[in-house]
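There are two complexes below, and they share chain A, which is joined by chain B in the first and by chain C in the second.
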Partner chain A sequence: MTKSTKTILWVFFLIVALVQLFPLIWLVDFSFLSSNEFYSSSVLKWPSDPQWQNYINAWVDGKFLRYFINSAFVTSVTILLTVILSLTLGYAFTRMQWKLRSVFFTIILLGIMIPIHATLLPNFAIFKALGLTNSYLGLILPYTAVSVPLGTFILTGFMRSIPRAMEESAVVDGANIYRIVFQIIAPLTAPALVTVIVTTFLNCWNEFIMASTFLSKDALKTLPFSVMNFAGQYSSDYGSQFAVMVLTSIPAIVIYAIFNEQITKGVTAGAVKG
Partner chain B sequence: MQKVFNNKMAIFLFVFPGILLFALTFLVPIVLSAYYSFRDTLSPGTPSAFIGFANYTELLFHDSRFWLALRNAVLLGLGFILIQHPIAIFFAIMLDRLGGKAEKWFRTIFFIPCVISVVVISKMWLSLLDPTFGAFNKMLDSLGLGFLKHAWLGDGSTALVSMLFILIWAGFGWGLLFYYAGLKGIPDDMYEAASLDGASGFRLHWRITVPLLSPVITVQITLAMITALKQMETVFLTTNGGPGDSTQFLAVYLYNKAFSASQYGYANAISILFIIVCLLATYLSNKLTRSDATEF
Partner chain C sequence: MVMNSKSTRNILLVTALAAVSVLSACGGGNDKNNNAGSSTNGGTTGSADKEVTLRLFSNLPDRKSGQGLAEQMVIDNYIKANPNVKIDIETLAEEPFKNKLKAYMASNEALDVTMVHGGAELNTLVQAGYVKELNPAEYEGDTYKFLPGVYKSFTFNDKLYGLPRNSDYEVIYYNKKLFDDNGIKIPTTYAELLEAGKQFRAKGIEPMSMNGKDLWSFAAFFQDLVVRLTGDQNLMLDAVAKKKNFTGDENFTKAAELLAQARDTKLFQESFMTADYGASQNLFTQGRAAMWYMGSWEAGMATNDKLPEDFRNNVNVLKFPVVEGGKGKDTDLLAWNGGGYSLVSSSKHPEEAKKFFDYMMSADQWAKIVWDTGAAVPAQKYELTGKESELQKQLTEVLTGATSTAGSIALDSGTPKFKDDAQNAFGKFFAGGSTPEQLLADLQKAAETQ
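This part shows the complex of A and B:
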């Protein structure tokens, strides 16, 4: 490719990137404005008098810290459980010898296709009867259940490509099955595990509909509720509403910035092997 | 070796917790859902009577909303397949050709919307498309296209298209990333061989890249259909199915039937049909795209 075509391509991408990011730029820009400035005719407006009060409102009345801690706790436990369950299930489906293997594998894979929204109503009734609504477990269990089928699918695809030689020599050395799975197989599947962790993180961190159905206790609510609560309380204060949207987006963007390279590699590994 | 892999205790410990959790959150609810779907339950826990297939016959033969919701899902799915995916493939190819630091930077930028929560995306687009202060209408004004100004989500004729636009914006990064990953799996000597044969530019990609990407495309088309059928949160948080059912989707419909209209039994009948439709769609799209792929 010649230098000039490369430059044209570069400029083209720059324009597209700006267009794509425009909604977010607009959101950040207007989160610093006061509500009456929203009605001016300019598309973007330099905040000559930045309204930091918007962010103070977002932090305090959006209960950012409380909800953030809830989100972090629920998501971390879900990721941990998903990784352990997908790893053991994946191993049992690819390596272990047992009769109902393919039947159970198919059943688990159905979980990818079954819409969670269809199980939402009965789950609400079941969780209510078991006393799981309004508890962390009431979110962690369904989040894990939704994440495990995809996790198992990704991991089985990856495990099939791992040669058995490593396990064979480990068996010769006298390692038992649990050591093989957690100390030999787990590190070998690291790229696929990263994909599982990332997709689980994104799904749970941003999940809203199950949380809003299963939770009503304020102390347990997760980050998306900051935005939801605000719409009522500050319904005419657009600046503060925008500030809470920006604020709640920051954690996921920071995580993405840190793990960006692994996400791409993980998806690449998953896409090629899967 | 065989002894280790036949370890019954280990198999049980590996499989049982996962299956138990799966049963608790998928299988038992579906059975329960089926039970409720044959009753005239108003809300969970209230007394109800067995009414046979009444809910189902009402849904299939007298409820135009159900079919409208399905039609909307099909239109949305077609929108994904015919608009979003070709764009994603095009950008993946361009990105792959770009190379170097720029490739990495743009790849990073294009994925950013995918990490933002659906609540923020919905509320943000609701504001962007707001008829009074939304940036979209202001932009049309400044471009001299003021006559196009519109309540994009508030008008039944543009609501579904606007929804498609929002969802394409939000999901573009995933599509791009998957196709990009697929492209990285195509060895360079394929391109060299093809360019020696005189293929170049558009022709090269149409003849070489797209066919070689077909396994990825197959999976992505199935996923696009499923995503369209499962569409819920963005619709729920922006238009809630309206105006006048123009953006009605199955999941939104059943949710509102259960929690707003107090027709829990009826909503569960929608749930059961919803599951059947999703499984059927997966099966069909797998079958159709598989036979397509063998042509190459």
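This part shows the complex of A and C:
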């Protein structure tokens, strides 16, 4: 590669990176403006008088901390359940021989196709009858139910690419089924697991419609409600909303930064055979 | 290993069964609890000093400004006067609010008081028996001071099911300085309005800001034109109710043509179809648009210290201009009462709920507070405090000077489906450039298939 093509390539990558990052820059920039400065003619605006008040509003009136703890709890339990269920299901579908295996596999995968919002009202009626509205479980259950099909799909594809010889030798060494799944298979599927964790995280972290329908108690509300706290009937306090969104997106960015390499691996790893 | 996995499977099966039975037991137990709860509560509402928690469901999530603040102030006042009452407020913004209210209605949730939108939405709640009938005679007199005719969108089959909280009416806010500086006449007729639009456009100033993305403003604008042409507030409402036709009526045809003129002479700002409420408002408050077609609830603009001072000193109100040769006067006001409150039938504390509801709707609570804070124009008679901004005074004049009012906005007088279809018809007209005839045909279809 000559020097000039290399430079061109770098410039190209820089432009792509900038385009990718722009929404984030825009978000942070506008979180320092007052609501009346929004929608001006300039795309980015230097905050001549940065509105730190927006962040104070987000923290206090947006009840950021409490909602954050709720979101973190609901999301982590959901991720934990999703990972355990998808992993064991994936194992059962790829390695175990049982009668209705393909039928159940199809049924689980059908779950990918059901839009969660179509289940909103029936779920509300059922949860109310079961006394699950206004509880963490009322969010954790549907979130898990929605995440498991995709997780199972990703993991089965990945597991098919793992040679059986590994497990055979483990059996010879006297490992039981749990040991095989959690100590042999789980580490081998790590990249796929990370993908499952990250997609589940993003879905739960940003979900609002179900949360708004199932929760009424302020003490249980999750982060997306925080944005809502600044919405009036007609107009909204955009500056504070942007500040909330900046704060909300930080955990997502941190998680992506940590698992970045694993994610790209995980998405493509199962692809060849999946 | 084989034995091992088999026994594991059995254990799993047993646990699964156990889980299911626990869950169903849970459900059953819960039902019993609920019943027990409601019966004890039912027994205790009589004694006034008993601790009660009332549930209020509202569409005003922002509790620190505007109407949300006003609502919160009323609640705080009530709790101060009645320390035994706690009020549990649940708020969601407009769309999620409507969805959840439907879910609550479907499951007959025991709310006590809920915010409602008059017209089609309230009608659904009435059909389901979810809201309580009110006795209009109780709300006559000096405690409440409701303005005449404000119950229209809260009345079904001559029965009242809710009380309106605001008088909403469409006006044109304008920036006087922009008119003066550019030597443009403040329009009193529709032709002058379009002419002013052309002149502003020539000077590179956006003539009129419009929240095109929300679509409903177009329908109001069209209704205003129909009223200016005919002087008949009921014509468009009748057409929605299928008593008249949108198509083949010369007044509707003329109004649609006038609307097309506004579109074709570029009266509205660049890319107005992508502007939502906030975008259109900011365009106006930043002094980049000369006019803003919006409702009376923006009275607070003149006192909002977050807005540029130059703007606050120059914002004024203009009545929708008359149409040349039309039978309507500029005092025929497109006014309606959109939002309000209703009592919920399945309330566990009906007496306490009624007490709170009556307190909230009395003239010295909601009505006084929204007026004093400039959050809205109430549906009740309010005292002028003398501290009003110039903008509030002008808005009061428009309302008190009105010789006729619509009572209902046509868009909200049909079913929710009609609203959707009619809004899309206007969207098609403004974004796609369809003909006036096509617009009327689409509206007719929307009215027929609702």
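Here is the rule we go by: the second predicted complex is superposed on the first by the 234 of 274 C-alpha atoms of A that agree within 3 Å, B and C clash if a C-alpha of one lies under 4 Å from a C-alpha of the other, contacts with A are read in each partner's own complex, and residues count from 1 in each chain.
Definition applied: contacts are C-beta pairs under 8 Å (C-beta built on N, C-alpha and C of every residue); 3 or more make two chains touch, one makes a residue touch a chain.
Every value quoted in this text rests on a predicted model; they were computed, and no experiment measured them.
Trainee: Which of the two partners, first being chain B and second being chain C, lies in contact with A:Ser216: first, second, both, or neither?
Mentor: The second partner, chain C, only.
Trainee: Name the contact category of A:Trp10: first (chain B only), second (chain C only), both, or neither.
Mentor: first
Trainee: Determine, under the contact definition given at the top, whether A:Ala231 touches first (chain B), second (chain C), both, or neither.
Mentor: Both partners, chain B and chain C.
Trainee: When the two structures are overlaid on chain A, which partner does A:Val171 contact: first (chain B), second (chain C), both, or neither?
Mentor: Touch partners of A:Val171: chain B and chain C.
Trainee: Quick one: classify A:Ile114 as touching chain B (first), chain C (second), both or neither.
Mentor: In the superposed model, A:Ile114 contacts chain B only, not chain C.
Trainee: Kindly classify A:Phe38 by the partners it touches after superposition: chain B alone (first), chain C alone (second), both, or neither?
Mentor: both
Trainee: Would you sort A:Arg95 into first (chain B), second (chain C), both or neither based on which partner it touches?
Mentor: After superposition on chain A, A:Arg95 lies in contact with chain B alone.
Trainee: Quick check for you: in the superposed arrangement, does A:Asp61 touch first (chain B), second (chain C), both or neither?
Mentor: After superposition on chain A, A:Asp61 lies in contact with chain C alone.
Trainee: Of the two partner chains, chain B (first) and chain C (second), which one does A:Ala125 touch, if any: first, second, both, or neither?
Mentor: Both partners, chain B and chain C.
Trainee: By residue count, which of the two partners contacts chain A more extensively, chain B or chain C?
Mentor: B
Trainee: Share the list of chain A residues that count as touching for chain B in one structure and for chain C in the other.
Mentor: 38-39, 41, 120-121, 124-125, 128, 171, 176-177, 208-209, 213, 228, 231, 238
Trainee: Could you list, by residue number, the parts of chain A that touch chain B in their complex?
Mentor: 1, 6, 9-10, 12-13, 16-17, 20-24, 26-27, 38-39, 41-44, 85-86, 88-89, 91-92, 95-98, 104, 107-108, 110-111, 113-115, 117-126, 128, 141-142, 144-146, 148-149, 152, 168, 171, 176-178, 180-181, 202, 205-206, 208-209, 213, 223-224, 227-228, 231, 238, 241-242, 245, 248-249, 252-253, 255-256, 260, 263-264, 267-268, 270-272, 274
Trainee: Any idea which chain A residues touch chain C in the complex?
Mentor: Its residues touching chain C are 34-41, 61, 120-121, 124-125, 128-131, 171, 176-177, 208-209, 212-213, 216, 218, 228-238.
Trainee: For chain B, which residues are in contact with chain A within the complex?
Mentor: Per the touch definition, chain B meets chain A at residues 1-2, 4-8, 10-11, 13-15, 17-19, 21-22, 24-26, 28-30, 32-33, 36, 44-45, 91, 94-95, 97-98, 102, 106-120, 123-125, 127-128, 132-133, 135, 138-139, 141-142, 169, 172, 177-178, 180-182, 184-185, 216, 219, 226, 229-230, 232-233, 236-237, 250-251, 254-255, 258-259, 264, 267-268, 271-272, 274-275, 278-279, 282.
Trainee: List the residues on chain C that touch chain A in their complex, please.
Mentor: Per the touch definition, chain C meets chain A at residues 1, 4-5, 8, 23, 26-27, 30-31, 33, 55, 59-68, 90-94, 96, 99-100, 102-103, 106-107, 109, 275, 277-279, 281-283, 285-286, 288, 295, 297-298, 306-308, 339.
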